[in-house]
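Shown next, in structure tokens, is the structure this report addresses.
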């Protein structure tokens, strides 16, 4: 493998991190969902590239799942929910955009520092990939933590999961990657269905998960 | 052995015999100091005889405890008094009870006296008992601390040994002993219901302590209690005399002449003590009941101070 | 072997406890269970007494902690305490054959009573840390169940709760102590621990833990506040067992750890023990004086007596550490003797209180009075107990206090300054406690048994049944016996004392006239028997003389009314008015007593009101603030359970980032 | 194939088959019987592992560590199924569940057992991860079974927090693979326990450290360690009580098993950080936090859920200290906690059905109104609070004494936490079990045998541990380092 393999992988992974940061910056749900779909596409490319580079055809399955499920089905479903629940207005963020971005940059830096401690004996490709994947995971978590809205939390979770898939695909020869991606898809589907099925908006008047907690009866 | 038993028996009889005399003597001294003629010296004997001959009147709900108490009080006091060397050391039964035990025997007498006071269920009895135990709860530890002081000086709590030790030349003057003497005197005053703690001649409810407890007693029971009170006074005077003025005490197994001399000395000491007591009672005023803790607290502190001084100084 | 017999007794008691579950429904269940406990306790008692001078017997069973096993050992010290506990157990069982008949819910008492006895014996037999703590905590658990037997009263539930928490506190401290002793090697059997005494500093910590742990169980100030709640809450025979027996087991625990397992003591070890003991003695009895609940007063008096025992133990530690083993033996003997004495008269006192409770239905002394008429035998037994606990010669309480005073008088020979100053102060407090105890029991006896009845229940009180009287009279007899023949007791305890201090008191068996001589005859001696003979003899003599030569006539008349006719029952002194002088002396400083008197103006016919508020400073200064702090803290923390999911995620996120940062900075 | 391997496969096949059958079976009575029977057979299969230790298979692996968990899990699974039979019948009568839900419930129960057995048996960290995720999902569904708003909300919270935990655990697993790959090569070997353990010393320590952080937080969420615990009380409180028992008694253990596995791995790598302090820190935090939280509880099931957090903290702490004694204590405590806590939940299930409420303030005087149940609960709570005669006392004794020897200051904190929790549990117990009874007095329906059986085992363990069991635990304790 020449440096081209490395550079392309690097570029795609970097793109994922960038898109994560962009998603953090979005304050409207529809735009957020679109950015997420874009991230899923980049993930598809990245995984496909790994499949090609590692000569692991089963990774194409993962790529296909990512494309079909995350780039197409889920965004459409979420878009519908947003429309149905009348959420296509501003995203309610718990933390304003500025500090969120600063925190995001700090997290990326942190993941780099942590990964740099790993000895270079490890595959450099894997090492860089992991650093980016860790960034994506942390940024996804950050999004879940800073958004009040259930839909944007789901998006945050899926973005986190993108980081995982990136890491799994980057780990050369790792078994069960496909199974894991399937499992995660099931998980995400559960979440989306959950929002759909229990009509959280109808029952709690808002998808704001803080409201769920306010609901509890005389526990206090 | 026979000699020792004889001395012991003599001592028992002696304290019993002269106890009313001591009481009478103090009364006479006080009367003379007040320029009264006062009662005859032997008046207490007449009183006792008169009381003993009378029938005992019992309150309707008096229990067996009420009737038994006078005997117990008298017996405990008498046994205690018999164990304090008066004119001779080396009493044959002196090892039966040491100074702490003598203190506790007096405590037993007081315990039953207080209970007897509460038996009939009048307010006076309770009042007297309540005050008595309050006074005792301070006087007793003070006495114990004084006993500690003496025991530490003499290396024994056995009164005979203490007296013999005091007689020996190498005791010298000690601050602790001075403190102990003052403390012991204060305790003696309190324990014998003398002015300024209590007034043996009053029946005024605000001031009564001892008299309030025995208010229900009459006849032979009262006689026994009065006799026990006299015995107690004698005991304390003997105690002070034995420890602080041990001169003239006949040693163990002494000849009859020495014993007689000891007896004379004892009489002189009692007379001196009684006179001083009478004088003291005449010049001082009765205290409020709630000033008593301060008085006895001072005695307790003196005793503790004396003990502490000994603990500290002996290591030098 | 004696230890095997004891273990069989324990096993039989446990079997009895299991059997009691179905038996408690049967009519004859109660006598069967208590009768069984009586027989087993007597067997155990005989066995323990026989084992007093015998060499230590050991037994290991493949139970308990794996790798260590359950070790049991019956040596002199165990035998002394086993004898005490079995004595309490036997008398409580005998008493309960009569007393337990009236229990409302026998099912809540019968199974736990034998279990409690068994657990106490097991503590005394245990020879490894796990068995010891297992039995110790089982003892707490069984007694807790007995405390909450009458569970419908809210104050009993509260008492049981406080008790259980404090018991657990003590156990945890002892666990820490054993952990320190066990070290990294994890030696848990006492044989191994004896072979590896701790370093000086560790030893000091272990001493502190043992003092707090065992002391909290025994009721040392300032951890005592649970005791006057819990002991009275149980049925009276159990109160007796707890106050008389279980506190001794706690003393044993302290002895076992500090005197046996920790090697030679340091010179200063006596100081905290002495200070805690003296403070408990003085404060305990002062609290007791202020109570109007008879069982609470008795419980507080237990604190006092435990304080006296600990003063003895502190002296023994100080002497032994400073190369005065003979004096140490004297102090330790005094402490053990007092433990025995307290077991005797406190059992008796609780039995008496139980009898009164059974006969009148009240525990408040302010509603008693004149019980000596309705219950003469109980009153007689109680009189002996009150005199004994007030340390009056010739009874047993005096002997042990006298021995402790004798030990204090040797203390100028101690080299250390701290001890020199502390010992006389402790002596003064002890003397104060003794005098106050007399006051306390004059009050207790005078208010409840003497005078006139303060309520209809007291007036209607009748004597209790033969079982209860038998138990009370037997204990009263033992109080007298131990008082007049103390030499026997001292000699019996000598092997145990010798094993712990390396010395013993001079043998008393050969002393003429059955006197006791703590150190040397010239120093001090005491003869209870002669005191009894002299007092009884002279009382008889004078009675005979007066009846023979003077008058023997008696006339009954109304009490002298001082010119105020129709003195009602209310004019009697009450328990609180009796205590008032002492309350005024000590109360303001010791328990911030507040008296409020509401006196109506002249002409107003409404009754005057008197209100008294007393505060146990340990309760207000230690227990309540701690409870409040825990409650407030839990309130703060509770807010964390009502966050949004986002906030919870933030916690996870925070934890993750924190750990990553640690890795980044550390690595 | 040896018989042992058959038993291991049986442990997977039985519940899987049963789940399929139960999904199809219409009658709830038959469902309960099949459920219990299947759980019992699983238990027999697990017990047979003790007799015939199987060889490692391609996917399944039975070693000394997971055998403990397997036997314990299948035993508690079996007794819980027995308890559940009576419990569910009552719920049906009370109209809280429909027949359809019941069928679903039974199928999910077996699915959960399957997932847990798989997680324990899996020879690959990947399979283990998948199995734990599956177990989480099935329990989410069970927690939300009642479809009340509170139940759905609890399930939701559990689901979201659990998913994040799962994601973190996966990332950690990937990191472990990455660490292993340069040494053991690519492919499934990089995730197989046996291979990993054999080569751990050569792994990149920094990568392992990072992996452990993620794994600890990921699986720690399932264990219920503070501050990752938030789902646990609600999930316990709102689901059916048998599920509460299974959650506390089994699922937490399975997650702990995962953490322990990785702790072993880290311990085998000399360059990596010592996992002990992390476990001790989280454990102590959980203990202290849960101890404080117990005081303000008003719901009986939440109360015991917090007690589970406390005990998980204690167990984590014990394993964190390490050394043969503390590890032994940790294992023992884990087993005792499973048995005791599930017994308590059995009791609580009866109580809630009898009284018709979960509010602590409305349940009074159980020992008077329902002697067996009330005293059983008293015994259970006393046992879980660490009072003898229970095995919990023994394990707490060992934890405390071995902590003192290593870190006296921590021991003081530990004891403070234990005492805090003790005070709270006893406070509630006095209210529950004593005083004048209030509320409904209906008799207990369903069998109380599972509760009594568990309690008998726990009490027995406090008195006597069979030497084979001890030897076995000690062997594992040495393995754990």
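A few remarks follow.
Note that the chains are named A, B, C and D in the order they appear, and that numbering of residues resets to 1 at the start of each chain.
Quick note on the criterion: contacts are C-beta pairs under 8 Å (C-beta built on N, C-alpha and C of every residue); 3 or more make two chains touch, one makes a residue touch a chain.
Please read these numbers as outputs of a predicted model, since none were measured by experiment.
Contact analysis places B-C first among chain pairs (by count of C-beta pairs in contact). Chain centres here are Cα means. That of chain A falls 99 Å from that of chain B. Put simply, the C-alpha centre of chain C and that of chain D have 44 angstrom between them. The distance from the centre of chain B to the centre of chain C, each centre being the mean of the chain's C-alpha atoms, comes to 35 Å. Chain D has its Cα centroid 31 Å from the Cα centroid of chain A. Looking at chain C, one finds that residues 638, 641, 643, 645, 649, 652, 656, 660, 663, 667 touch two or more other chains.
Those residues of chain D in touch with two or more other chains are numbered 156-157, 160, 164, 168, 206, 210.
With touch defined as above, residues shared between interfaces to two or more other chains in chain A number as follows: 114, 117, 141, 144, 153, 209, 212-213, 216, 219.
Interchain contacts (touch definition given at top) occur between A-C, A-D, B-C, C-D. Interface residues of chain C facing chain A in the complex, by the touch rule stated above, are 638, 641-646, 649-650, 652-653, 656-657, 660-661, 663-664, 667. Those residues of chain D that touch chain C in the shared complex are 156-157, 160-161, 164-165, 168, 206, 209-210, 213-214, 216-217, 221, 227-228, 230-231, 233, 273, 278, 289, 292-296, 325, 328, 365, 367-368, 371, 382, 385-389, 393-394, 396-398, 400-406, 408, 411-412, 415, 418-420, 422-424, 426-427, 430-431, 434-436, 462-465, 467, 470, 473-474. By the touch rule above, chain C contacts chain B in their complex via residues 369-370, 372-373, 376, 379, 383, 387, 390-393, 398, 402, 405-406, 408-409, 411-412, 415, 420-421, 423-425, 427-428, 431-432, 434-436, 438-439, 442-443, 445-447, 450-452, 515, 521-527, 530-531, 534-540, 542-543, 546, 550-551, 553-562, 567, 569, 571-573, 577-582, 584-585. Those residues of chain B that touch chain C in the shared complex are 52-61, 63-65, 71-72, 74-76, 78-79, 82, 93, 95-98, 100-101, 104-105, 107-108, 110-111, 114-115, 117-127, 129-131, 133-134, 136-141, 144-145, 148, 151-152, 155-158, 161, 205, 215-216, 219-220, 223-224, 289-290, 293, 300, 303-304, 307-308, 310-312, 314-315. Residues 124, 126-127, 129-130, 133, 137, 140, 149-150, 152-153, 156-157, 159-160, 163-164, 166-168, 170-171, 174-175, 177-179, 181-182, 185-188, 190-191, 204, 206-207, 210, 298-299, 302 of chain D are the ones touching chain A in the complex.
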